[in-house]
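For reference, the structures are reproduced in the following blocks.
In what comes next, chain A is part of two complexes: it sits with chain B in the first one and with chain C in the second one.
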Partner chain A sequence: MRHVLSALVMNQPGVLAHISGMLASRAFNIESLAVGATETPELSRMTFVVKGDDRVLDQVRKQLEKIITVVKVIDFSNQNFVERDLMLIKVSTDGGQRSAIHELVDIFRARIVDVGPLHVMIEISGQERKIEAFIDIMRPYGIIELVRTGRIALLRSAVSSEDVETEQPRSLEPPPEAMV
Partner chain B sequence: MSIAQKHAESKPKTHANMNGADILVEALIRQGVDTVFAYPGGASMPIHQALTHRSNVLRTILPRHEQGGAFAAEGYTRSTGKVGVCIATSGPGATNLVTGLADAKMDSIPMVAITGQVARHFIGTDAFQETPIVEVCRAITKHHYMVTRFEDIPRVVKEAFYLATSGRPGPVLIDFPKDVQLEKSTVAPDYDPPMNLPGYRPEPRSVSSAQIRQVLAAIKRSKRPILYVGGGAINSSASEELLKFAERTGIPVTMTLMGLGAFPGSHPQSLHMLGMHGTVYANYAINEADLLLAFGVRFDDRVTGKVSEFARHGKIVHVDSDPSEIHKNKAAHIPIVADLREVLAALNRDMTADDLPDIREWQAQVAEWRRAFPLSYKDPGDDSILPQYAISELHRQTKDRDLYLAVGVGQHQMWAAQYYKFERPRRWMSSSGLGAMGFGLPAAMGAQAAHPGELVIDIDGDGSLLMNIQEFATLHCEKLPVKIFLLNNQHLGMVMQWEDRFHEGNRAHTYLGPVDHPEAVGKGTGEIAAAYPDFVQIARGFGLSARHVRSKAEFPQALAEMLSTPGPYLLDILCPYQEHVLPMIPGGKTVKDIIIE
Partner chain C sequence: MRHVLSALVMNQPGVLAHISGMLASRAFNIESLAVGATETPELSRMTFVVKGDDRVLDQVRKQLEKIITVVKVIDFSNQNFVERDLMLIKVSTDGGQRSAIHELVDIFRARIVDVGPLHVMIEISGQERKIEAFIDIMRPYGIIELVRTGRIALLRSAVSSEDVETEQPRSLEPPPEAMV
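After this line comes the complex of A and B, so read on.
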């Protein structure tokens, strides 16, 4: 199962290296990782997309929490949250298809951010499925290159995601296979 | 205080002329540090200068290799519970600490390692003796710092000691650039600043009385309970509560390699060590148990063998201070994240006579296994000294002396774990999780520094001893009277044993003598004519007393001589190399596959 984890970490040199090193050394499979500043200068937020069963997720989360500079980890799965990817994509307009591309950009509510004689650069954000669909639809025109951020996500609520989460039970319940 | 005499005039400097290194040393002293193991170099010279100014309260021991210093700090910690400190210079000095840090991480040993670093403006330029040691050590420390601001020094030291000792203990690295060491203070430093650890909440979660009731109910229902106790019992100083709990319930106790000493080895309820080289009766009992009280353990593969088959009939109560250990290798039915001593104290407090299980049948069964499968070895009936016999004799001669015992890694380590019975915690020092050869001698050295008047013995193998043999110089020069009990079989015995069992006895670089000897290719007669190297001559060269012994008839007297000789002493015991450590459950196998002979 796919999980979106969010970690508040201390904004210090080496924290990202520490976390990515831990994930690699314990052979956890990370699909996406995005890091950025937050509303508090001392803290950064990392958003991870991790694939694995509940047991793997439980370990990823506990091992993250064990890192001293990780302040808080929350698992968005099974909660009401918004997730977004951002992509910049350069598409060739060599074949004279600029207006067709423009139409698709409108349909996808993307934006053209740079135009040249032979290309356009498009900015698009949204859920992963939408981004993937847009890539597929641009492919026939000739994708020159593209870049994507990792996933970012926030809970739908009036307070910060960490405050909502604190009441969640710690994952200390035995996994189902332990029940006899 | 002869060591302090050369600096008899030393006084703490006033803050007006203190530099960063002085503040570091002062901060260490305020943390209660009385001994450091420190090897100087260009980037740590200011620290050493500062150490000389405070030598009246802080002893600096010069190991002969930084790895020896790190293991010595561990020996200090393991034998006292206080934080051991080692210091090295940048670059090679720092990288030589790496094995010690990894060892302390694996065995949850609180330690603070301080490394000099090149000046800040050189960092990242591949300067002379520059190594990004924080990068190297991230995965093998509990936490790590690089001090980039002078004013951070007291806070970093305070946090380092707090992190090392709280929650699940572990090593902390402080990397300290030379220019920060040399920076002068303008104001009096605050040695007790607020800490900045917003993400660290190590308080053992309180044990709810509901959880305690749950455990008591599980015990009451059980017919075949067993206590499986590890290093967590030592780290949380839970021995007294454990003894009380075990005696009241009558539940048999087995210990991991790290747990030895948590429960008295001579106690009738002790099943001694379990796992790969544990006793048959401990492994049978674990296998048949219907309730596993897994206290301060981590279900290591050397304990469990094939983990899915381990204790498969048993409900598991898992108590640990580290939430990430719960369900990591084995799912627990009753998981409790808390300090083990707290849990045992609560169990002892809340347990009534009604909670006691009726386990007489089980106790009889365990006693029967113990009778049928005692720890044993075949006496060849000649004059050779079997290692198992040698350690039994050591135990016989020293059991009233409350000694401290360190070991290297390999066969001798397992035999020591099997045949020496520890009555108290913190008497046994073994590189257990990492299995680092060369650990024994420096660890014993650190324990001796912490316990100057006590008997400290390093049971070592010839392979392990050679890995840090330079520390003989430290024993002599620092007046540390460690006794080295060398079980010399001229081979890397544990690897040889696996060659014999799993590789048709093909010797693959496990003979430690010259390559043209027949033993190098497994064609020896079993008689070692002349052992290589001559450890006695080496020891004497370093200023130690030493002797050989290869006759069983002479052994008890030779051992007595070692024990009664003042100062450091090497007893080189030539042993037959054909012995295997038994019992043995091969890696990844189950108790059904146990090899008894």
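After this line comes the complex of A and C, so read on.
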């Protein structure tokens, strides 16, 4: 099963090496990983997507929490959360298809962030399946290159993820996100 | 100096552990890291922001390229590139400030992705300084928690980053990105 894990860690050299080393030693392949600053300067939050056996992953989660620089690890699986991914994609406009591309950019609520005589660079965020659908629809025009952030996630709840791990999450209201 | 490095790597367990281990052993602290899929299923692209001495970093870059699973490493410093960061942020609306928050969301071209009786979750993407400005402006309302992807970057050029590393990048046109 695919798991979205979120780890709150201290900003120190070696934390990532420690965590990724532990996952690699158990042959967990990290599908995506995003590490960014938080509201607290001395802490970072890592969101990683891994595939693996549920029981083994729970052991790994507990082991990760034993690392002194790891404050907390949360497994978002079976919880009610919002997830997002960001992509920059450079597409060729060599075939004179610029207006067709612009139209698709609007439909997907993406944004053009750079334009040249032969290419256009587009920024798009959303759930993974939206990003993948956009890649597929850009493929015929000629994808020059793309870069993705990997997923980030937050629980749908009025409290911090650290405080709700053991509770059943509640859906508070239908979310306004029936996007493309 | 702060460096934005982009590494094209093979999708195999242990690549991240190898790279992060090497950086940690030289005391480079990774400020942010984003690892995501690319247009080629067997390759991922890692974007990492590190601070360190320029000369040492160039050695590290060359050493990273010697790792068999690393296809290419590019240092974006002094190049003309677009960079983006994505954040999900949960803000309290307990103080009845929902409409004031909504107004700021519009100004920053952010999006509301979840609403509850006591909170709102917002998605925002952009350059680092825009994200940081948004965090600062949300602080008085009460930030419950936030998660960021770390930066991703692509060169402003009609060719793939892998093909232009040694050339001087050209600015093709003024970019349409004078956003907030």
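Quick notes on this one:
Please note the rule applied: the second predicted complex is superposed on the first by the 165 of 180 C-alpha atoms of A that agree within 3 Å, B and C clash if a C-alpha of one lies under 4 Å from a C-alpha of the other, contacts with A are read in each partner's own complex, and residues count from 1 in each chain.
We adopt the following convention: contacts are C-beta pairs under 8 Å (C-beta built on N, C-alpha and C of every residue); 3 or more make two chains touch, one makes a residue touch a chain.
For clarity, every value in this text was computed on a predicted model and none was experimentally measured.
Using the contact criterion defined above for the overlaid structures, shared-chain residue A:123 touches chain C, although it does not reach chain B. Note on chain A: of its two partners chain C and chain B, the one contacting more of its residues is C. Legend: residue contacts after superposition of the two complexes on their common chain; A:14 is shown touching both chain B and chain C. Of the two partner chains, chain B is the only one touched by A:55; chain C is not. Once chain A of one complex is fitted onto chain A of the other, the partner contacts of A:74 are absent, as it touches neither chain B nor chain C. By the touch criterion defined above, A:110 reaches neither chain B nor chain C. In the superposed model, A:4 makes contact with neither chain B nor chain C. Of the two partner chains placed by superposition, only chain B is touched by A:66; chain C is not.
Chain A uses residues 14, 17, 21, 172, 175, 177 to touch chain B in one structure and chain C in the other. Across the interface of their complex, chain A is touched by residues 134-135, 138-139, 142-143, 163, 197-200, 315-316, 322-324, 326-328, 331-333, 335, 337 of chain B.
For chain A in complex with chain B, the touching residues are 8-10, 14, 17-18, 21-22, 25, 42, 55, 58-59, 62-63, 65-72, 170, 172, 174-175, 177-180. Across the complex, chain C meets chain A through its residues 6, 11-14, 16-17, 20-21, 23-24, 27-39, 44-45, 47, 82, 84-88, 90, 92, 112-119, 121, 123, 125, 135, 143-150, 152-154, 156-162, 172-173, 175-177.
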